[in-house]
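Chain IDs A, B, C, D, E, F, G and H follow the sequence of writing; residue 1 opens each chain.
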Amino acid sequence: MQKEIIIAGFGGQGVLFGGQVLAYAAMDNGLNVTWIPSYGPEMRGGTANCTVVIADREIGSPLVKNPPLAVALNLPSFDKYEEMLAPGGTLVVNQSMVDRAPKRNDIHVIFVPCNEIAEEIGDRRLLNMTAVGALLTALPEIKLEDLEKALENHLPEKHKKLLPKNFEALKRGFVHAQKEWDKVPA
Amino acid sequence: MTTDNLVYERPEAFTETPTHYCPGCTHGVAHRLVAEVLEEMGVVNKTVGVAPVGCSVFAYNYFDADFVEAPHGRAPAMATGIKRVLPDRVVFTYQGDGDLASIGMGEIVHAAARGENITVIFINNANYGMTGGQMAPTTLPGMKTTSSPNGRDVETQGYPIKVSEMLSTLDGVGYCVRRSLHDPKNIRLAKKAIRAAFETQMRGLGFSMVELLSTCPTNWGMTPVASMKFVAEHMVPAYPLGDYKVSDAVKQIKVQG
Amino acid sequence: MPKELWKGNEAIAEAAVRAGLEAYFGYPITPQTEILEYLSRRMPELGRAFVQAESELGAINMVYGAACTGARVMSSSSSPGVSLMMEGLSYIAGTEIPAVLVNVMRGGPGLGNIAPAQSDYNQAVRGGGHGDYPRIVLAPASVQEAIDLMALSFDLAEKYRMIAMMILDGSVGQMMEPAEMPAMREIRRRDYEWAVNGAMNRERRILTSIYLNPLDEEKTNLRLAERWNEVKTNEVRYKEYFLDDAKYVVVGFGTAGRVALSAVREARAHGVKVGLLRPITVSPFPYEALNQLTGQVEAFLVVEMNAGQMLDDVQLAVRGRVPVEFYGRPGGVVPFHDEILDEIRRLVSGPLAVSSNPRDSWLTRMYRNLKIAVP
Amino acid sequence: MAAKGWIEVSDVYCKGCELCISACPQEVMELDMTRLTPKGYHPAHTFKDGCTGCAICALVCPDAAITVYREITKAAPVPA
Amino acid sequence: MPKELWKGNEAIAEAAVRAGLEAYFGYPITPQTEILEYLSRRMPELGRAFVQAESELGAINMVYGAACTGARVMSSSSSPGVSLMMEGLSYIAGTEIPAVLVNVMRGGPGLGNIAPAQSDYNQAVRGGGHGDYPRIVLAPASVQEAIDLMALSFDLAEKYRMIAMMILDGSVGQMMEPAEMPAMREIRRRDYEWAVNGAMNRERRILTSIYLNPLDEEKTNLRLAERWNEVKTNEVRYKEYFLDDAKYVVVGFGTAGRVALSAVREARAHGVKVGLLRPITVSPFPYEALNQLTGQVEAFLVVEMNAGQMLDDVQLAVRGRVPVEFYGRPGGVVPFHDEILDEIRRLVSGPLAVSSNPRDSWLTRMYRNLKIAVP
Amino acid sequence: MTTDNLVYERPEAFTETPTHYCPGCTHGVAHRLVAEVLEEMGVVNKTVGVAPVGCSVFAYNYFDADFVEAPHGRAPAMATGIKRVLPDRVVFTYQGDGDLASIGMGEIVHAAARGENITVIFINNANYGMTGGQMAPTTLPGMKTTSSPNGRDVETQGYPIKVSEMLSTLDGVGYCVRRSLHDPKNIRLAKKAIRAAFETQMRGLGFSMVELLSTCPTNWGMTPVASMKFVAEHMVPAYPLGDYKVSDAVKQIKVQG
Amino acid sequence: MAAKGWIEVSDVYCKGCELCISACPQEVMELDMTRLTPKGYHPAHTFKDGCTGCAICALVCPDAAITVYREITKAAPVPA
Amino acid sequence: MQKEIIIAGFGGQGVLFGGQVLAYAAMDNGLNVTWIPSYGPEMRGGTANCTVVIADREIGSPLVKNPPLAVALNLPSFDKYEEMLAPGGTLVVNQSMVDRAPKRNDIHVIFVPCNEIAEEIGDRRLLNMTAVGALLTALPEIKLEDLEKALENHLPEKHKKLLPKNFEALKRGFVHAQKEWDKVPA
């Protein structure tokens, strides 16, 4: 088993941490995992992405050109990864930042209004968690509970009080995605 | 009767490229002042700038002048090389405090000691901006940075270097002053100093440097406006503004405009 | 110890601490700054020395001084910073004291960029400082390996009174992976018979790299060469994948080797008898392992994130008996595994000739590929 | 009577840093929260009358984003 | 021009002046200080620029700056000083501007001594600075050759926008020989289309070695590699002695090659069919010439004043088809011709085997020899 | 009645090796003073010296103490490394003016700025002795050397650097003075200063340096006696003797003997 | 009355630099032109009486070549 | 034809210039020549030597272990080069600084009181020229006139007034050596 995931968006959208949560969950499940960020030029700003590879054997390349799974939190990322996704793959798209329909029909595109959901929960910063939750629809190796445990175990102490809202964001993303999934032509 | 009149516009010495600096970073102000001065002196066309390694590594994208990019700290040596083969050009370096006062200490002291006819614009923002906010030689005592996480401990991490004070002990220096960019009045004074520095060079009166207290909102973790206040309240007391060396010959310079 | 998710750079820093690091001297540079930042907090917390030096030149000479006392010390940097250390490294080597240096390589030459690269192989393995001096160079491909090799670096440096350098590319430094940290070793300052640490009633000691009489310097050079023979005998390390029946062997170190593993697996899945040899010590280089393989193999493929540097060592081992082909991505580009897969396919479909310079045909292919890939 | 002036803030350069706003002696500037520049910043603008064309905003702007104009009264011709 | 008796270092300095040197930047270090001293008088006399820099780091970056303007400039140093220039050289290479550097090599590593050595071959040819970058390396063996190669260095550096380095050992720098100086060339500052010298109403220009996007940096790397192919095609230079019917070929550069000539002549006098190939460009290396010879030759002997560096290049050319043997004197020792003669005799009396590392057997022999020679 | 009494003998802190210095070179005097001070303080046994590259490269042959040899100019960095891992040892560098003020400028300024608890003995002999008498940063204007054959031209070759003046601008410096070795009185004063510098280190009061005006009879082309006169007449006026920085804490030190 | 002293100059260390000679306040030193040290220098020596044991010669000697002695009059015991 | 010559002595005895005069003369005679000094450590003092190789073809090694010709201006050099001289070679020895007889009898040793002759001529510094003059006895490729011409052509202008004394020193060394030569057993 090996799964490659790319999470992409603007800096500040929690792209890197989103990937780390997945990595923690995979590790806690006894899987091998790599998390690798796009570390930008020696200066601020711009877009960010990270690649997470999960496998049950020694992981070779930590990078992937055509991932089967991706999350696009903004329009540039949607443009880029829609093109690059492996056929049959799944792309979670932050509907809040994207105003176009998918172009390809050989992939699953799941639209999630991440910003809206996060704001409903009461913390804009949780938009990454809604997307990660949504991704689980296509990542049966990791369960919602795994992510919750990962957050519990690895969220820095000072952020622990945010756990319930994080859980909620994960869950609402997941639930939304499952509904969407049924709509997506296979 | 009244007619329209343009009071201020973006200097022509700038290219159209927007800078990559963080919002509110006064690197941009320093750039603008240099551009205005070069334009007012009519020398853009015969200027060669030397960009450093630091946030201003891409300075060459913004000035409409010839430019080279130096290894970290070595801009004064490159400028020396350029000026020695092209003595009639205007040569300046633009350097951060990590670049000039840490790794490049040898080069700046010797360019100054040689009285190299170059102008140095020295941006003191009390940290290494580009690499994400590590301690610089200019970091204030007690100031937290990513490499002084508990605040700069002068016992183990040393004391700030006052570059203008230090360089002004050198006979080769024609003009060496410290200014700040934290409010309109000081920005105006900074511009005058930059003009004086370039005039020093044009007249062959030796090494000229303007140290500019500058902000780094991103790594200081403050808004741009709060950063300006930080400069006024903490940087200026630690780095007193003033003229550290103005040689007699430079004092004679009268500039119109 | 349970596994934790570690970022490469921080893992290296913590591994050094656990190996008994007594002092760190460094200067910020991407993509290794996290090592310095981590230690700026961790070392003082443990009452150990941390100095952010004025420059890489300062840092390597602080290492030089501290290492002369017999203390476990290190520095870390990235490509341009390491170039500034060449004089100091040559002095350290000439003084025959142990010192550890980490180079988290980035794209070059010059200022280049901060993307992952492997283009300081030659500098680390062959060239760099002036004079003849051997040094141990270790090339981890994962966070766990970086942790393990960190402790080993200190042990080897001290055992052989030699520089041990760890070279990794920016991606290993920036990557997070589950890894196990070894237990904290106690610091025991060994009073090496050579250590200069204040005479304290013994005979005074001197550490220097001067041998004014060329015959003395020559003897020093030969002593270094002799010690290097020991290293060659004892310390060659590499990892083998699917070599038993391999007709084609890919050779790559660090990330390039790791990416190659994915390609080799995929090729195997398609029935191609291809294996992978990933050198862990690139100096001493596994010449003998490659020599042995030459009997069974139809061609080698060297994969690097540079324009062909380790390639020379592979060719020196293979000595023209079978073709050696090259695939490299210089300048900070990390190859994807499918590119390497294409190369393996090319090898299999042949025909190949033994050539004195596989770089030439690679360059032609690159121009062709890039003209497609990069308009 | 104070001179009358006005400014133009370039969407290409403005990064919404608010330095001009805090420097404007007439306190006539604010960020335009209704607009985003192509780079995603809320740009500065004057939100009420009172600009004197003093150019202080331009003086502090790190991005040379502001152009300043002033209506001037034709005074008695000045000898050349 | 009539011949004059010239000291190597001064001849190099004057040759540079006659080639149109516009500015010199250097720092004193034995055994090359006469270059600096000579130019401290000569350059101002001609109204040209001379700066004694604060250090070799300063010097190479002054060269970098001045070279960016399109002016003919150079620096010179010796081993430890050259090590300090590695970052600067990498930047110059990455910026693709011409620059000339002379390394009058001395014994190392570290401070070592000031005796003649050739142990910076690897640094010059392969390693040194970070990143992949080719550079031209010329190795004169006599004062006249140093003079001739000095002018050539500038011409090649400018033709290929590349570093041209001249490496010689201290003995060539200190030696006097009759030599002919070329006529004084006029200085003509070419306005190269890349030169940064004050826009003066043309489009402004930028010189930098940054390529933040790895794909751009990769293209730069490939462009450098492509240009290197041109150099390889056009600029390989070497000198042949008695090769026509040679069954044994000695390969040595600079002084080692020159000393070998005496040995080869003496061996020929005894009827041994031995020849000498002395590379003049050690980079680009005369691989093809050696490749050709491999057909006719029974064994090669590489002679160097180091512990075996060019040896790798010879082995890469020969590719194991015939044995390559090694004889080196590291640490500042200049071999006498009779030592090389002994080695030739050893080759002739055989038996020899192709080995992956001729250094091993050399080391054994050295220990044996020195135990006799040096009690 | 009278008894024999030894007034002065070669310090025990010296080895028996005769120095390689030219006859009359005051490097020897400086060595002797350091040896005497270390002996009087009883710290020879816990001293680590750092020799430079320069005529004093073999200093380690003469002191009966542990020693390392630094790359040209980098002695302060090596000393920093040593002192940081062995804070209770006495660590000093011995450096020439080429070593300290030219190639090693960055290292000395930063060791001083960090307030590194080391002592620096700085030999200013106005030229590069070891390599045969080239210009140093300290060469006097107009002085002929092998690389300023027509006399140092300050216009193109720069002005002398006054190192003590420069370093005393740094907060990390506890003690920074200039003395001379040109006559008995000044030699006595020099020894006192060396003592004060090491006492500064022993008490952890920061960076200490003694600059010593010294002769180079060989490269100056003068007899040793004439060289002493040259120092008095030409070096002292250019490099005024005096205390450039004595921190308040250092001023408190009272030394017996 | 001036104290009476004497010196020993080591042949191993003395390089005949004459610094002691020019420093001796009693002017009792000179180079011994009749002798050469193993290194080939004419060593310093006192050529007439008058040495006071002031040790100034030793103070200036760059090669620590001089040992200085002085006959001292036993004075009244000094309190400890 | 190829001849190797080593000239050795204390620094200050004019060893290097002595070799240069030979080199100039050889060059002016159209021969190839190399002159190479022992350049000492980066400091003053000690002994000095130079090696001169004269040949009518391209010169290979500029160094030689067992020279056929040598000049020893002091005792240490006599000790060293008496041992190293090639059998049948000629060693000119400065008798003024040497108080022992030769040990080998397979070489020619020519004693010349160089210091005395130089002092008789009135310039101590000319002792090197007396030795070089003496060497010509065993170096037929170079004639006394060649050396005189070489001095005339290459002595720096400011030293030109010393030419006659130089000539005299060369000649007296040569004449003395020829007398000695007759005494030496072949």
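In this text, a residue touches a chain if its C-beta (ideal position, glycine included) is under 8 Å from a C-beta of that chain, and two chains touch if they have at least 3 such contacts.
As the structure is a computational prediction, the values presented were derived from the model and not from experiment.
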Chain whose average C-alpha position is farthest from chain C's own: G
Chain whose Cα centroid lies at the greatest distance from that of chain E: D
Separation of chain C from chain G, taking each centre as the mean of its C-alpha atoms, in whole Å: 62
Centroid distance [mean C-alpha coordinates] between chain F and chain C, Å: 41
Gap in Å, rounded to a whole number, between the CA centres of chain D and chain C: 56
Centre distance in Å when chain A and chain H are each reduced to the mean of their C-alpha atoms: 87
Sites on chain H at which at least two other chains make contact: 41-42
Residues of chain F touching at least two other chains: 22, 57, 69, 71, 102-103, 105-106, 109-110, 114, 131-132, 137, 157
Multi-chain contact sites of chain C, meaning residues that touch two or more partners: 30, 51, 54-55, 57, 80, 87, 91, 95, 110-111, 113, 208-210, 212
In the complex with chain A, residue positions of chain C that touch it: 3, 5, 30-31, 113-114, 170-171, 174-178, 255, 258-265, 334, 336-338
Partner chain B, residues of chain E touching it in the complex: 22-23, 25, 49, 51, 53-55, 57-59, 61-69, 71, 73, 87-88, 91, 95, 196-201, 204-210
Of all residues in chain B, those that touch chain E in their complex: 44-48, 50-51, 57-58, 60-61, 64-71, 74, 77-82, 84-86, 89-90, 106-107, 109-110, 114
Of chain C, residues touching chain E in the complex: 57, 79-80, 82-84, 86-87, 90-95, 105, 107-113, 115, 117, 119-120, 122-133, 208-222, 225-226, 229, 287-288, 291, 306-309, 312, 315-317, 319-321, 329-333, 354, 356-357, 359-360, 363, 366-367, 370, 374
Residues of chain F defined as touching chain G within the complex: 1-11, 14, 16, 18-19, 21-29, 32, 35, 183-184, 187-188, 217, 223-225, 228
